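Each structure below is given as structure tokens.
Heads up, the next two complexes both have chain A, just with different partners, chain B and then chain C.
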Partner chain A sequence: MAITSIKNLKEFSTNNDRFEGAHTLCPGCAHSMIVRELMNCTDDNLVIASNTGCLEVSTAVYPFTSWDTSWIHIGFENAATAVTAAQVMHKVRKKKGNLKDNDAPVKFVAFGGDGSTFDIGFQWLSGAMERQHDFTYICLDNENYANTGGQRSSATPVGATTSTSVAGTHSYGKKEKKKDIVAIMAAHGSPYVAQLAPNKWKSMAKGFQKALETEGPCFINTVSPCCTEWKFDPKDTVGLADLATDSLMFPIYEIVNGHELNILYRPKNPIPVEEYMAAQGRYKHLFKPEYRHIIDQVQADVDKTWEMLQRREEARI
Partner chain B sequence: MAEKFDLNEREVWDGNYAASQALRQADVDVVVAYPITPSTPIVENYGAYVGNGYINGEFVMVESEHAAMSGCIGASAAGGRVSTATSSQGFALMVEVLYQASGMRLPIVLNVVNRALAAPLNVRGDHADMYLGRDSGWIQFGAFNAQEAYDLALCAFKVAEDHRVRLPVMVHQDGFITSHTAQNVYPLSDEVAYNFVGDIVPVDDMLDFSRPVTYGAQTEEDWHFEHKAKQHKALMDSREVIDEVFAEFEKISGRKYNRVETYDMEDAEVALVGLGTTVETARVAAKELRKEKGIKAGVVAIRCFRPFPLDEVRDALEGVKSIAVTDRSSPGGAMGAFYNEVAAAMATSKSRPMVTNYIYGLGGRDLSIENCKEIFQDQKANADAGHITTDIQQFTGLRGPKLGFFKTARG
Partner chain C sequence: MSVESQDLNLCANDKRGKHQLGAGAGLVGWDEVTQGIVLTSFDGDASDIAHKKAEERNYSEFNSYTASVASWRVQKPVFNRDICIDCQNCWVWCPDTSIISRDKQMLGIDYDHCKGCEVCVEVCPTNPKSLLMFNEHADLDESLAAWPEKKKKEKK
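Showing the complex of A and B:
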């Protein structure tokens, strides 16, 4: 695999680009940044599958397509299955020697939002991971069903208001904790899982390259700040991602072979989660005195997770 | 190279084994499957052929039937030959993705071993699952015995992959009665069978990177209608290709298939229209009634349920006085689905015969020769009286008080 070593953002932005700028994602959406990082980090041929979601509906509206590579979308839940079956077909046709270019390296990648990854497509993803296919699954985690108007997902964090976990006089919003998808995927015996963020673009590109290079099923959860549903100014997307990683709401780390945990970004002075929350409309209600304890609870959970990650990194088990 | 599989001129195979041999001979590249009774042996056998080197394909066991068909779509879009099998609840779970497969014009072959839909849970054969797929945009072939399950599976690949068609095909056989009953089957040699099916020539191949393709785009009110109309037209136009493929198959096998099969219809006064194994039972009943009572009884069977052969059904039944359409599926508060299609065909006829509906055989309840004779005799009574003498819809082989619904205004 021809991995390009990328030194700066300018170089990165002019790299091989198979994802066209013309799409209908919201201005300020981080999805396109993440997708471009993936597609620019390799020169190999790519077969991409997308679950139904923001990315899919915004990039392939007939008679247009934003994808200058092979791309398939079936339903809400089955991108992992589609792309891994295509990978099996590639194996068979390569063996039989009937591919157009039999020796060209090909990588297989599936994209899903958190709705399709954590919820409706969870079984399909789990099955594809268990079958040990050689592919990479990338979750574009914006913590809600943004494509259908901002309903809760099992990735929505405690305290966020969504259209189906509405904050009001009798509710502080979502009450259930976010599913730990990275740990669940590591528990499938995946050789490489990671959580990455587009503001940390070098570690993201490196993580993507690692996943594509690693044989077997790899999983990456990416933070994708959603200006529309998190309610912030579209120009602040990268700033929001900075707050997410610096507050450790989204710790950046990888787990190799299920046990070797490496923290990829260690903020010198972590900022309080309160600052991250204050920058978004979806947490606005938490700043009323009666819900103050929810912010404290989220901070305590973040501290505990950070402690756990550091200990696991040290223990190597 | 795959290992040589020794075949006798005459084999004793059940329907499942026959279908799996067709997959081997067609050199299917990828089977993505989830097991369900009674279709399980088809994919198990394919897996065993892979495991023993009889085929150079790959067998992928996934975690559900929805994933099985999703995988078939991904593999088919990647340009190779793809097949799977299912039944009943598994078929129901696949339904969402069946529409995607046909909408993307992917030539997948699905062997459906027909079985009842729960509740109550039932593993035996009826046609509830087949009817569930009738609007999914797939071509649907019906096999009445193991030989036909084999023959039609081979024909299915050739039809599906024809560039004038490019649509997925289901091959139906009855659960247990066909799938698990060993019968004489005359297979083709591997060479003759493969040459008949031919190499797959992919269209819009996801693995041809010189020409990137986008599968599964979105269309709203601006284009959706045109896409679906075009898909329907492709399905209707496949009739000609199916006829061609059946004619070619006759040349290599001596076995002739038609989209509508007719038996003893030349002078028939009454007829039974059926699907699946019912056809053979009805044929015996018709022959016996002709001998015993002089009733001019005939049978019309649907080989190709989709695209529905409306013109051929009408022509086959033109001039018959009273027709019984048999539905092996719970009608769910209406006339049987198959009845409605045949009745619609007869509404376009000159003779406008009487058309009645018999619900039978749900959950694997046996339909006997005697049951078929009773149905024919009802039709004879209608023919003699000049009007339908019973409720239009009746239940055959049902315990308890006689059930009947819907009346005629004629007579």
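Showing the complex of A and C:
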């Protein structure tokens, strides 16, 4: 396994990008920040599959590909299935010794949006995790079906307006709570699961490297601020991720072998979730007096989750 | 402030940004290709790509490196070498692989692939910033000559 140096950004920047420009993701899209980090944290060969979504559609605009690695364009729900099939094929051929370069290290990675990961591709992902394949699944969580016009997913948080949970005179936006995908994946017996954010580039690179190095099915949920659907200025993508991690809306942590929970970022003075919400158009309506209690409810939930994570970190269970 | 003129083709492979998106590479239409098509990212030997810099790679016509999104921009980031501290913030967070860094040094911007999102300007820590947005049609030397002075810290 040849991981690259992430000691500091200068060393990290000596890597030669294997994700090319002239893809058609929106200006300022965090998906590509996350993909570039993954591809720069190793110099092993990579076999990557993508579920349909913004990343997949925008990086394979016929006749162009933005991927300098093997990359499979597959259905909305089955990147996990496709990449694990490739992994098994590679294992068998390696055993038979009939690969072009039998010793070249290869890593298998699947990318999916939250729509494909939390909802529509869920059983395919669950199956691949249960079969204990050696691969890493990375969810690009922008909390909505962005590629089809911003519908709600089970990753959309309470109070956000989306095109299918529209806020108006009779609604404050989405009512149901976000699914805890990290806990669900840990419950599959995964040796390494984590939630990471692109503003914390080092913990993200470290987590990616751990996942790639760990044998077995690893899962990482990544926060991917989406300027188009969250409604903020593209230049603020990294700042939005800062607000997300500093307000603990997206706590950054890992769970090793199902019980060893480590918090990877502890903000000195967590900011109120209100500040995170105020920076995005999708929460604008919540600032009307009649919806104040929704903001308070989200804050209470965030506080409770943070308390739970800290206790689990201590308890090591 | 002395400012050197910038080489816009710095470290560029001669295939960079030749095609307009949508124009394709003179191939058959998407509805004429066989199912299960494979597009190769490189011509010839594609091994060890991780250890080859862009300028050393043999990109195929299918690689989006050979396409340009320059027409997406209304404003462009301009880089001022004199102030830059080579922190590489702009490199790690550019969503379009458009910051050209070699041997730990920030060298400039790939204007074939930059979409003008301004993320690099936001994350640049120097005072004044080493990257600033200018009108797409602004002259680079004039932009550099118009660079603001160091800002005093506002008292809180």
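Convention: the second predicted complex is superposed on the first by the 311 of 317 C-alpha atoms of A that agree within 3 Å, B and C clash if a C-alpha of one lies under 4 Å from a C-alpha of the other, contacts with A are read in each partner's own complex, and residues count from 1 in each chain.
We adopt the following convention: a residue touches a chain if its C-beta (ideal position, glycine included) is under 8 Å from a C-beta of that chain, and two chains touch if they have at least 3 such contacts.
The structure displayed is predicted, hence computed values, not measured ones.
Trainee: On chain A, do chain B and chain C fit together or clash when superposed?
Mentor: With chain A as the common anchor, chain B and chain C collide in the superposed model.
Trainee: Is A:Arg131 contacted by the first partner chain B, the second partner chain C, both or neither?
Mentor: First partner only.
Trainee: Scan A:Leu25 for contacts with chain B and chain C and give back first, second, both or neither.
Mentor: Only chain C; A:Leu25 stays clear of chain B.
Trainee: Tell me which partner A:Val83 touches in the superposition: chain B (first), chain C (second), both or neither.
Mentor: In the superposition, A:Val83 touches chain B alone.
Trainee: With the two structures laid over each other on chain A, which partner does A:Phe12 touch: chain B (first), chain C (second), both, or neither?
Mentor: second
Trainee: State whether A:Asp101 touches chain B only (first), chain C only (second), both chains, or neither.
Mentor: Touch status of A:Asp101: both partners.
Trainee: Going by the contact rule set out at the top, does A:Met33 touch chain B (first), chain C (second), both, or neither?
Mentor: Once the two structures are laid over each other on A, A:Met33 reaches chain C alone.
Trainee: Touch check for A:Pro63: first (chain B), second (chain C), both, or neither?
Mentor: Both partners, chain B and chain C.
Trainee: On chain A, which stretch or stretches are contacted by chain B in one complex as well as by chain C in the other?
Mentor: 18, 45, 61-63, 65, 67-69, 101, 104
Trainee: Once bound in the complex, which stretches of chain C touch chain A?
Mentor: 17, 19, 21-22, 24-25, 27, 30, 33, 39, 41-42, 47, 49-54, 57, 61-69, 72, 86-89, 91-98, 101, 103-104, 110, 112-119, 121-123
Trainee: Inside the complex, what are the residues of chain A that reach chain B?
Mentor: Checking each residue of chain A against chain B gives 18, 45, 47, 49, 56-57, 60-63, 65, 67-75, 77-78, 81-86, 88-93, 95-96, 99-101, 104, 106, 123-124, 126-127, 130-131.
Trainee: For a test of understanding, state which residues of chain A touch chain C in their complex under the given definition.
Mentor: Result: residues 9-25, 27-33, 36-37, 42-45, 59, 61-69, 101, 104, 198, 201, 234-239 of chain A touch chain C.
Trainee: Which bits of chain B are touching chain A when the two form their complex?
Mentor: The contact residues of chain B facing chain A are 29-30, 32, 56-58, 60-64, 66-67, 70-80, 82, 96-97, 100, 205-210, 212-220, 223, 227.
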